[in-house]
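Both complexes below contain chain A, partnered by chain B and then by chain C.
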Partner chain A sequence: MSRNAEAALLLLAAVIAAMGTALANFPRGVGVDAQVALTFIVFVAAFGAVHLSLRRWAPTANPYLFPIGALLVAVGLTEVYRLDADPLAALQRWWLLAGGLAAALVVFLLRDEGVTVLRRYRYLFLAASVALLLLPLLPETWPLHGAEVNGSRLWVRLELPLGDRSLSFQPGEIAKVLLTVFLASYLADRHTAMSAATRRIGRLQIPEPRHFGPIVIAAVASFGVLVYQRDLGASLLLFALFVGLVYMATGKAAYLVAGGGLAAAGGIIAFQVFDHVQRRVSSWLHPFDDFTGAGFQIAQSLFALGSGSLTGSGVALGRPDLIPAASTDFVFAAVAEEMGLAGSIAVIAAFALLIAAGMGIALRSRDLFRKFLAAGLTLVVGVQAILIIAGVIRLLPVTGITLPFMSYGGSSLLANMVILALLARISHGDRA
Partner chain B sequence: MPALFLNLLKLIFIGLIYLFLWQVARAISAHIGPVPRGRGRKSPAELVVVRSESLSGKRIPVTSATVLGRSEDADVVIDDPYASDFHVRVGLNEGDLVAQDLGSTNGTYVNGRRVTVPTTLAKGDALQIGKTILEVR
Partner chain C sequence: MNGPIRNLATALFVAFAVLIGGVTYTQAIIGPEYRDDARNARLVTARAARERGTIITRDGTVVAESFPDPDDPQVFRRSYPEGELYAHVVGYATVLFGTTGLEASRSQELVSDRDATISGVINALFGGDLRPNGLRLTLDHDLQSAAADAIGNQRGVVVALDPRTGELLALVSSPRFDPNTLAGRSAGPVGVALEDDPGRPLLDRALRQTYAPGSTFKAVTATAALESGTASAATAYPDPPLLPLPGSTAVIRNFAGGVCVDGTEVSLAEAFIHSCNTIFGQIGLEIGADALVTAARDAGFGLEIPLELDTLASVIPAASSFRNDLPGVAQTALGQRDVQATPLQMALVAAAVANGGEIMVPHLVAEVFSADAEVVERTAPQVWRRAMNPSTARTLADMMEGVVTAGTGRRAAVPGIRIAGKTGTAEVPDRPPHVWFIGFGPVDPAPDERQLAVAVLVESGGAAGEDATGGTVAAPIAGEIMAAYLTR
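Right, the complex of A and B next:
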């Protein structure tokens, strides 16, 4: 019954996506053309594949995960299409199709044993995610090599033998999913030892000092990502995932305090040592001091937010094209300008619903591994959304990560669709 | 295209997004409400004596560790010649009722099977001490 509700909502999302494409067409004097039909068809195909695989192999899975994801993709794709119809929006549609098929494949592969089967291979996943995180450091002369984009080295480019074409992807997006699987599996075995309090400072219960080892390692690894790949966003995301999951597994606030302390210390050191961190912070505090330089992006974003008013200028009637990276990191600012306060609150509400659904799945799962995995995956999506939205509205320094489901970006969309598939599979059979 | 028409379309677009969110939010509240504890147990747990020479019908609410036995010093005195002085301890573990035999001479039985390790009891299980039978309610 609720699978029918899922189908209806997915169809509504496809209609919203098609309407968004049409709205972006009208001001250019183009009517309902093949692009509108293409958007609708891709939505129906991608989410149809997921829907059918859930019906077949996980019929009692939570039916609201993919509809929320579909709505976010619909709103995001509308802005990407409006900003760059060709090639970005066209490519993004292909990635959506790939993401839908990948999600369906995950549901199919886990049909018998569910996510439990992943638990056995945790060290394989750890090794794979470390390897993926290191991939962008490969030298430029190799056919498969790292590439630096906007000062951050988190891309991998594969030079195809056909002519001069190349395929780029961000391995970090996949690594974060694998790393979450590893952490969930590790904590499911260790959380009792890690939560046993042996001493206390004031009201804070302190576990055995050696259990803080993994936290320190995570801090060092996150710092390494910051230093070698110059990627503030991925670094923060990895650390928040680790500390958040350890806290949820043990219920000991001491880990949060230790993690927060390490993050603060790391942040201060990074600010002193690295000029790219310094630039981010100063353009956050004083965006108009260097308006034509470092502050330009955040200043344009603030103009976009301000001119959006209650319901926005209307799709393709504003000027979000003035914001650098409007179709990727700053897509939220584009939404705020053209769909207004109403549109941006809708986006935040959709993320809130997704986080609530994910945490609900974690609370209802039967065993610890599935509990931690569901919580960790939800944390990844939620922290990422909070970090970049807060950056766009100048609540935090800009961290330069994608807004899940909405930003243009193939690896990101693919990874997030797989995350939804894993959450859906965890929720299958857990009706409490 | 007239501005009024575009404005109307814009509002319809945002309206559709909110319609979608409203539908999801309404449906999802059932999925994110309070989680039932344990196996749906309604605490507090209670044992009711269903077969005994003198105690039939006696209700024993279990809120903390409770020792059942023939001794006057037991928390609940079981007047049964086959019961040991301190026969069995029942208590709550994360909302589940757990029974642990305290090395009794004639043993503790759950649903007719002798138990020697701490055993989780479900609603309707029969706990036998000597000739006395208690039911979990």
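Right, the complex of A and C next:
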């Protein structure tokens, strides 16, 4: 029954996506054209593949994950198409197809043993994610090399032997999934030891340091790389993941306090050391002081939000093209302008529902690894969405990460589709 | 294990609730502040992108229209089919250089309410007509073209109006500019070049530049003399070759040197016809600063002339500032010293004489019409002020007719039509003189006959340079224009 509901909801999301493309067409004097059909076909193909794989190999999986994800993709793609139909939206459709197939492949590969099989490869994942995080540091002269975008070195570019074409991706997006698998697995083994305080330092009781070794190494390594690459958002995201998972595994609020203290200290140091962090903080506090400089992007975002008001300008009737990075990091501001407060709240509510579904899966899982993995993956998606939305509406400094499912970006979409597939597979295990 | 997960989930939900609160505050509560911020480019582009009404001349020539951008049907572009000809009157509506002229002052009527705001949508739902209104101008396309041709590439102004209604029939300020270039895609450099141009093509010289009126001001001085009771047209004055100014070593000479007429006794009418400086200097001293200032104020000096466009007030100093400065009084009577007038003001002096002493409110918009071409509003003729008594106007009209038949303004004559006028050659330090002609015709028209009042100003002598006088440079232009309109 629930799989039929999923099919119906996915179809609805495909219709919404096609309607979004059509709406973006109208003000340009174009009606329902091949682009509308293409959007619909890609949605049906990508989510159809996922749906069929779930029917076949994980029939009792949670039926709401992919429909919510599909809705977010539909809204995001509408804005990306409206901002840059060609090439961004066209590319994004290919990435959606790739993401759907990747999710279906994950469901297929994990059909017998479920996600538990991933535990065997946890150190491989750790190594892979550290390697991925180091990739952007490869020198420019190599065919596979790093690229600096907006002062942060978090992109990797592969120069193809086909003329001057190149393929770029953000390895951090993939690394965050692999790191979550590693951490969930490691903590599932060590949580007892880590929560038992066997040592004392003064009045403070702490567990055996060796249990923390790999975690600390993982944290420091990924951190160091990220700080070196100047990617504040990803740093913060991974840090929240470490602290959250350790807290989950041990149940000790002291880790949250310690983590919060470390983050604050790290933030102060970053502020002192990196001028791009200083600029972000000052443009957050006083966006209009340097209107034409550092404050420009956030000021444009606020203009977009204010101009959108309650019901928005309507798709393709506003001016989100005035906001720098409107199709990537600031896609939420584009939605807020053209779909209004109604659209903004709908997007936030959809993320909240997704997080509710993910946390529900974690709560119902009887196996610790699956529990931690579900909670960790949900945490990554939730924190990432919160960080960037808060940045766009000026509750926090802008951290420069993508909005899951909605921002243009292949690596991000691919990674988040895989996260949904993992969550779906976990939920199947615990319902049967 | 579930306790911490529940706590983390709760923390995330609290964060989402804060986001909803934050986004509600930003979009709905302080949102209007951001929306209306002057730096929000949406305001400017939205306004510029809207459809604006069509502007036509009284005879139906289209001078401004909107058309949908072929690349983006949401955006309307503005075009000015007559290019330079109506540049100063119609103005322009641009993103980069703002909005000027009637495009700015009548934007209420010209700008469409059709947009995506809530009020726009509600309006549309209730069937309101959201198409913009258009304007029909009082300007006459043929006369406007004739005026522009007559002034050519000289710097100067032609003002022509119907003295009985106040309708402006031609309003040309030269040099001009093409507003299409400011609304176009390469507007930036064009606009900067126009702003830096030493010829100041963006300046509307007819309304916002003042010049010494020179001898055309003698119409005001004569009014003051006639109305103060000290003189009539026949009052005789001595005709000396030069007039020593009391309390100084300065003297006033006649324009051509020597005596003005024959060195004997000359009537006020003859002194006016031949523009005698020595005699008008005497008249000024006789009637005094207060009478001069009163006559000038009655004619509109010191006031912003009510018009659909901003006008600069013409200048007459307060009587108290030069009452005891006798050389100053004499020179003011000749339209020199601190007297400054816009060409529009001097056109209204001529119009007052033509219209029995009353100045009608000058206007450029004849009617506002809806998108269905129905008249929404029509401008009714209205009296602005009385510049002189009807008897004074009568006397002045005769004297001005004499200027054209037998005096300095003979070259403004139009065969078969009684033309009246006054020339002026205003001295300017270090430059050739500004030359003037103000006048009207016909004198005493039949009720259904056309009548035209004009002011022509050519800056710094125009093409004639140092040799220019009002009679040789400005009068022929005025004659040409009046002939074009009155013999049509």
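In this section, the second predicted complex is superposed on the first by the 401 of 432 C-alpha atoms of A that agree within 3 Å, B and C clash if a C-alpha of one lies under 4 Å from a C-alpha of the other, contacts with A are read in each partner's own complex, and residues count from 1 in each chain.
By definition in this document, a residue touches a chain if its C-beta (ideal position, glycine included) is under 8 Å from a C-beta of that chain, and two chains touch if they have at least 3 such contacts.
Every value quoted in this text rests on a predicted model; they were computed, and no experiment measured them.
Peer 1: Touch test for A:143: chain B only (first), chain C only (second), both, or neither?
Peer 2: Touch partners of A:143: none, neither chain B nor chain C.
Peer 1: Can A:359 be said to touch chain B (first), chain C (second), both, or neither?
Peer 2: In the superposition, A:359 contacts both chain B and chain C.
Peer 1: Could you say whether A:27 touches chain B, chain C, both of them, or neither, answering first, second, both or neither?
Peer 2: both
Peer 1: Applying the touch criterion given at the start, work out whether A:248 contacts chain B, chain C, both or neither, answering first, second, both or neither.
Peer 2: Only chain C; A:248 stays clear of chain B.
Peer 1: Contacts for A:9 in the overlay, against chain B (first) and chain C (second): which applies, first, second, both or neither?
Peer 2: A:9 contacts chain B only, not chain C.
Peer 1: Return the chain, chain B or chain C, that is in touch with more residues of chain A.
Peer 2: Higher number of touched chain A residues: C.
Peer 1: Taking the superposition as given, does A:19 touch the first partner, chain B, the second, chain C, both, or neither?
Peer 2: A:19 sits against chain B, while chain C stays out of touch.
Peer 1: If we overlay the two complexes on their shared chain A, which of chain B and chain C does A:311 touch? Say first, second, both or neither.
Peer 2: both
Peer 1: Based on the superposed arrangement, let me know which partner A:344 touches: chain B (first), chain C (second), both, or neither?
Peer 2: So A:344 only meets chain C here.
Peer 1: Look at A:429 in the shared chain and tell me whether it touches chain B only, chain C only, both, or neither; answer first, second, both or neither.
Peer 2: neither
Peer 1: Can you give me the overlap between the chain B contact set and the chain C contact set on chain A?
Peer 2: 27, 29, 311, 314, 317, 340, 349, 356, 359, 363
Peer 1: Report the residues of chain A in contact with chain C in the complex, numbered from low to high.
Peer 2: Chain A reaches chain C through residues 27-29, 191, 244, 247-251, 288, 291, 299, 302-303, 305-311, 313-314, 317-319, 322, 336, 340-341, 344-345, 348-349, 351-352, 355-356, 359, 362-363, 368, 371, 375, 379, 382-383, 386, 389-390, 393-395.
Peer 1: Okay, in this complex, where on chain C does chain A touch?
Peer 2: Contact set of chain C toward chain A: 1-6, 8-9, 12-13, 15-16, 18-20, 22-24, 26-28, 30-35, 37, 39-42, 45-46, 72-74, 116, 118.
Peer 1: Applying the document's contact rule, which stretches of chain A touch chain B when the two form their complex?
Peer 2: Interface residues on chain A, with respect to chain B: 2, 5, 9, 12-13, 15-16, 19-20, 23, 26-27, 29, 62-64, 67-68, 71, 75, 311-312, 314-315, 317, 339-340, 342-343, 346, 349-350, 353, 356-357, 359-360, 363-364, 432.
Peer 1: Taking the complex as given, what residues does chain B use to touch chain A?
Peer 2: 1, 6-7, 9-14, 16-21, 23-25, 27-28, 31-32, 35-36
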